[in-house]
Every structure is written in structure tokens, then in C-alpha cells.
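In the two assemblies presented below, subunit A is common to both, partnered first by subunit B and then by subunit C.
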Partner chain A sequence: MATPKPRIRLPKSVEAGVPFTVRTRITHPMHTGLRRDRDGELIPRRIVNRFTVRYNGEEAFSAALEPAVSTDPYIQFELSLPESGVLEFEWEDDDGSIYSLRREISVV
Partner chain B sequence: MNRREGVMNQRNGNNGLSRRRFLATTVAASAALSAPAALGQGRPRVVVVGGGAGGATAARYIARDSKGAVDVTLVEPTRAYYSCFFSNLYIGGFREYASIGHSYGALAASHGINVVHDWAVSIDRDKRSVGLAGGGSLSYDRLVLSPGIDFKPGSVPGWDLSQQNRMPHAYKAGSQTQLLRAQIEAMPEGGVYCMVAPPNPFRCPPGPYERISMVAHVLKQANPTAKILIVDPKAKFSKQGLFEDGWQRHYAGMIERIGPDFGGDKVEVRPGAMEVVIDGEVTKVDACNVIPAQQAGRIAAVAGITNDAGWAPVVAHTMQSRADENIHVLGDASQQGDMPKSGFSANSQAKVCAMAVRGALTGSKVFAARFSNTCWSLIGTDDGVKVGASYEATDEKIAKTDGFISKTGETAEVRKATYKESLDWYAAISGDMFG
Partner chain C sequence: MAPTRRDVMRLGGVAAAVALFPAVAVADSNGISQAIAAFTKGAMALEAGLSLEVPEIADNGGAVPVRVAAAGARRIALFTDGNPYPGVVVFEFGRFTPPAATIRIRLARSQSVIAVAELADGTFRKASRAVAVTVGGCA
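For the complex of A and B:
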């Protein structure tokens, strides 16, 4: 299958201490391990099992994902930041791959 | 060609046959001349601009049902009509190109319609005449405009008509459709096909998403590692649940749609570099199908009967323009209320219009307007879905009375039957339009 493609959406600048919305989505099949392919063989489990957001290197948000989560997981949450910095987003795949994105955000 | 002579004769007020000579082809001319000519000069005149699902149907119904009592001229620049409906099936390899092409020959030969292959470029509403690009003019008692759509300039930054060979729209069927299919076939292994989808309202609401299905169908066989990217300014789209379910079943992992929640409403294209910029992020693509925002075909604006949104508001009972009772507007170009812009809708509206025009010009009986529409879409082989409704005319608009839509989880037999129904419909509407 094609390489998972992560996307994020957040404001370019935010106000200090005021919560803002972050939307994330990654294209991923999220194989549960319970489905069978056309030949009747089990498709091995392969999901994104963990999603982490770090702000200036420190964990700001994280989520453990389970097989029940649908294809192309979409995660939306709020953050509030005291000052400008760097946000790093990481999706961890069962197969060991890590998909990451990085965004600088200015706090005014 | 004697087309200009014909116009001159008409202007000079020659005998009743002169209008009949106002024909673009000799085949059409000889056929039309065999129609009853006795009614001649005194007959009321109807000019129809645009030979698609609205215009061709209206011309045919007015000519056929008035039995020669109304003089009908159809102005259409192209000599062969390629239907936008079913053009996606050609892209998907389910139809031959020739099978979506139709001739205007029977409209002239069987119904005595003057088929003029020219562009209508001006309309004088006071004198009730239509100017043609070829230099002639046609006077009318009633004018029927069914010009379809044109694209709104500047709606997709970086794209204009000069780029349509590099990034085709393929949203007016014909060479553009063939070009898009060729570009999809020429994609490198694992390449990216991108569609920039249009904002509402636009021609054929499920059309872009049926096209995505057909492109995926082709790529799955010929280029299975290829990807499809939809950049969409709309939060929701027609038959979304049915399409997304189908894409998951047939083309899992192949299609990604970027809606406005991820910047799908902030897109720019760079045809030279084959790049699409989504909210600042540059993506390299191998084929790019740009379907811009739309408005009524230009002649409606030239006539001065369009609103700020670019569409021509009409009275639902008769499809008459709200700005001019001598002009009727059909199909995609009209702003009528609840009906989607589709070939089926235009065909349905044309019959109401034809009845109203005959009633006004010949005193024939006019019944209450009823409309219907169905939009079929093919998701994969024998996997057809549909959405449709019935409508009635109110003083305010064409109003939906009841509707239906396919469900997810239907059996393969039901889906196959739905697809079969669409094939029968295509044959039926083609006959209804072109005789």
C-alpha cells in the first residue's frame, strides 16, 4: 500500500493562553487483524497505535489508538500555548514506522 | 455556403420559404423543404439557443407537437453533440466515445427544425432578435436559452482556459474528455491524479465523484499504485455516503479527499510545473483535472437576464425568465429552485417549457407543470447508485415533493439493476432529445 500521508491544520498565529483547534488526519488502512482478503487469508493487524504532539520537545497531547478506529484516523483537539514555539506531531505505526510533521507557531 | 444568403433573404422579406433556406447543411435543407410549407410566413417563430438536453428537447417537442404550426430554429455551434452525462463512463472504459456522440440530422429531417450551426452572440430583447457570430440574425416570438455552463474566471488561481490542455476540466464533453482520459492513461507508475472539485452550485452534483470512481477503476487495473487526490472546497457532496462506501470497497487506500477542514478551499494550481498548492503546501501531480466554479452560459449574461450569482432566475410554471417573458431559460443556466443541474432536469424542464411556448403561441392546452430527475452514478463494475426526486411548480420556485436515494449495503443484484436502469435511461433521453 501507499505510504501514509499525514496532514495537520492549525492557525498560523494564536493568542497566548487562548485555546485553539488542531485538526489532524493520516491516510492509513487501519487493518484490524480480523478481516480476510479475497483469498480468505487474514490480513495482519496494522494500525497507527499512538499519536503524540510535543510543544518545544515536551508532550502536549497524546492518544492511544485501538483497532476499532476507522481508516484514515482523524483526531481533533485543542491546545493553548504560553509563547511561540515548535509543535511536533508523530504517528506510530504497528510496523515500526513513524510519520511526523513539524510546525512553527507564533503566539501573540 | 448559403447560410448568409438565407439571412439576407429573410431580411429582405422574401417569400415564406426563405426562412426554410436558413439552414446550415444541405442534408438538413432538402429534408426541411419537404415539410409542409403552406403555413409559411405567418407562423410564430421560436429560436432555441443551445442543443443539449434542454434545447434539443425543447426544439423537438415544440416542432413535433405543434405539427408545423410553429417555426423552430435551433442554434448550436457544434455539429455533433457529446453528452456530458455518461462521459465519465467513457473515461472509465465502460462506453465507447462514439456512443456518447449524437447528430442533429433527425431534428432537421424528421421535425423540420432549422438547425443553424453558429454561435449566438447577441440578443436584442426589444427587437426580439438573436445575433449570430457568422453575421446573421434571427427574429423570434419566443426565445429559449439553454446554453449550459461557463466557468467563472479566476475561481481557481493559476488556471484559465489557456491552461485547459495542460489541466483539463473535461466538464463540457468532447475533446476535453478524450484528453483527460489520455492523460490518465499516460500517468507514470505510482503517479498522482488530482481533481480540483468545484464549489456549489455546479453542473451534475455527483459528476466529479463518479469521475473519481471511474478514474480509480482505470488506475486500479493499469496502475494500481497510483493515488487520487481530491481537493474540494465543499464540506459535503452529493451521495457522499454511497461514494465513500464504494471507494472503500473497490479502491481502498487509493483516494484521499481534502475538504475545507484541511485547506481544500484554498487551492492554487501551477500548470507549467504540474503543481497543486493546497493552503500553501505544494504537491506535485501527474494529471490534474481542474473543474472551476460555474455560471450560466455566457449568452444568458449577454441577454441581461442573469443575477449576481451568474444564473438566470425563472418562473417555475413556464421556465420564463423573471426578467423577460419572451425568453425561457432551461437546464444548468437557470436558477429555478430545488432541481439539480443535470441532463435529466434540463430534459424535464424542456417539456414544461415546450408546452408553455405552444400554449402561448398556438393556444394549445397547458397543464400544471410537473418535473422529475434522477442522477445515476457508476462506482465500479455493475455497482450503480441513484438519487432522484419529483417536483412541482410553485409561484416561488420548482419545489421538491418527494425523493429517493440508493442505500449502502444493497445487494450486488440491486446495484446491477440500478446500473442497467441508467443504460436504459441514456437510450431513452438520447431518443427524446434527438429523435
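For the complex of A and C:
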């Protein structure tokens, strides 16, 4: 499996206290553990089971994912921030891997 | 034309079925009732104040967009009543996050998507939408 590649889209600068949209996606097969390969063998479950967003170290948003989430999990949510800071995004894989991104956001 | 005896019997059968199962809103073939009860810890969920947007017809069951929003929500969970497992996702919102989120989910066949929100005051809200799936996603 190719290494999952996380991506996020958010505005370069935002207004204080005005909600803005954050779009996130990570390339991942999200194997349910219920499907079989061509030889009839079960493909073991392997999903991204948790997605977390922190703002200046404080947890702002999280999602606990089950196998019913689509391949290449896409999650969109909103943030409303009081001041400039650092956003950290983290995806946790069943195999223990953690994929992360970090963005500085300027609030005007 | 006067109804035949057969017509009357048929109608009676339908009426009896409705009378016997009045409150069956969702089928429970995959344990969804238990999953929702685990999320709400058995509390009742009011069917109001929770917005759940799902397409009525999904051509591709492998990626169906679902948007949920509920004012004052701390957590919002999504369930399905026709996938092998009922749970889909649980969102948790902090003080910098308006309680709304969008995700793409798998639907193995036509079924209902159910959202349950836990508000900051500890009460629960619920909403349900039926989705017709043209090509099922391997959930």
C-alpha cells in the first residue's frame, strides 16, 4: 500500500470569530475487513480510525471513524478562531501509523 | 365496483401489520438500536434541532456525502441500518468548532442514515433520512 498522503484546504487568513471551512482528505484504502481478494482470502481490516484537530495545542475537533467511511476519507468542518495560531491535524491508522500536518493560520 | 372478499382480506392484513408494528421506524438487522442506545446511554432523543443532509438517491454507494449540524451539539454520531455494522463516525466539537461537519460514507444498499446529537445540556437529538442506492458501496 502506498503511504497515505494527507491534504487540507483552508484560507490563508481569516477574520477573528468568523467561521471558516476546513476541507481534509487522506489517501487510504479503508479496508473494511469484510472483503475478499481475487483468491478468496479476506483482506484484513485496515482503516484510519481517528482524526484529530488541535488549535494551539487544544483539541478543537475529532472524528472516530468506522469501516463505513469511504476510501480516501474526506471530512469537512468549520473553525472559528479568536487569534492567530497553529493548527495540527492528525490521522491515526489501525496499524499504529500516525500521519500529521501542521499549519499556521493568521487571524486578522 | 363493490370490493370482493379477497380485497377486504388483503386490506385487513395490511391494517393488522401496521397495528402490530406501529413504531418500527428503522429495521434493526445490524444492531443499530443497541449502537444508538450505547451512544445515548439509553436516553430519549428528540426528533428536532438536528439537520441531516443526505442525497435521496445515491448513484455510487461507495461515497455518499452526508452533512450534519445541530446548534449546541458537543458530539454528533452517524449510523446506518443496512450496512454490516451500524456505526459510521462520531464527531466531537470543541469550543472553536461550530457543530457541523460533512463526511463521505459507504452504503452497501438502499437504507436509512440516522444522526444522533448530544447537546451541551446533556439532551439528545435525532434525525433520519432514507437513501436509495443505485450501486452499493462495499461497506
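Here is the rule we go by: the second predicted complex is superposed on the first by the 108 of 108 C-alpha atoms of A that agree within 3 Å, B and C clash if a C-alpha of one lies under 4 Å from a C-alpha of the other, contacts with A are read in each partner's own complex, and residues count from 1 in each chain.
In the analysis below, a contact is a pair of C-beta atoms (placed from the backbone, for glycine too) under 8 Å apart; a residue touches a chain by one contact, two chains touch by 3 or more.
From a predicted model like this one, the values you see are computed outputs, not experimental measurements.
Per the definitions stated earlier, placing subunit B and subunit C onto a shared subunit A by superposition produces no clash, and the two fit side by side.
Using the contact criterion defined above for the overlaid structures, shared-chain residue A:79 touches subunit C, although it does not reach subunit B. In the superposed model, A:19 lies in contact with subunit C only, and not with subunit B.
Here the apex is the CA centre of subunit A, and the angle it makes with the centres of subunit B and subunit C after alignment on chain A is 90°, in steps of 10.
Ranked by how many residues of subunit A each touches, subunit B and subunit C are led by C. In the superposition on chain A, contact of A:32 is made with subunit C only, not with subunit B. Of the two partner chains placed around the shared chain by superposition, subunit B and subunit C are both touched by A:71. When the two complexes are overlaid on their common chain A, residue A:101 makes contact with neither subunit B nor subunit C.
When the two complexes are overlaid on their common chain A, residue A:61 makes contact with subunit C while staying clear of subunit B. In the overlay built on the shared chain, the residue A:10 is in contact with neither subunit B nor subunit C. Nearest C-alpha atoms belonging to subunit B and subunit C sit 7 Å apart in the superposition, given in whole angstrom.
With the contact threshold set out at the top, residues 71 of subunit A are in contact with subunit B in one structure and with subunit C in the other. Chain contact summary for the complex, subunit A toward subunit B: residues 1-2, 5, 7, 9, 23, 25, 27, 29, 71-72. Residues 190, 225, 227, 248, 252-254, 256, 258, 261-263, 279 of subunit B touch subunit A in their complex. The touching residues of subunit C, when paired with subunit A in their complex, are 62-64, 80, 83-85, 87-98, 100-107, 137-139. Those residues of subunit A that touch subunit C in the complex are listed here as 19, 32, 34-35, 53, 55, 58-71, 73-82.
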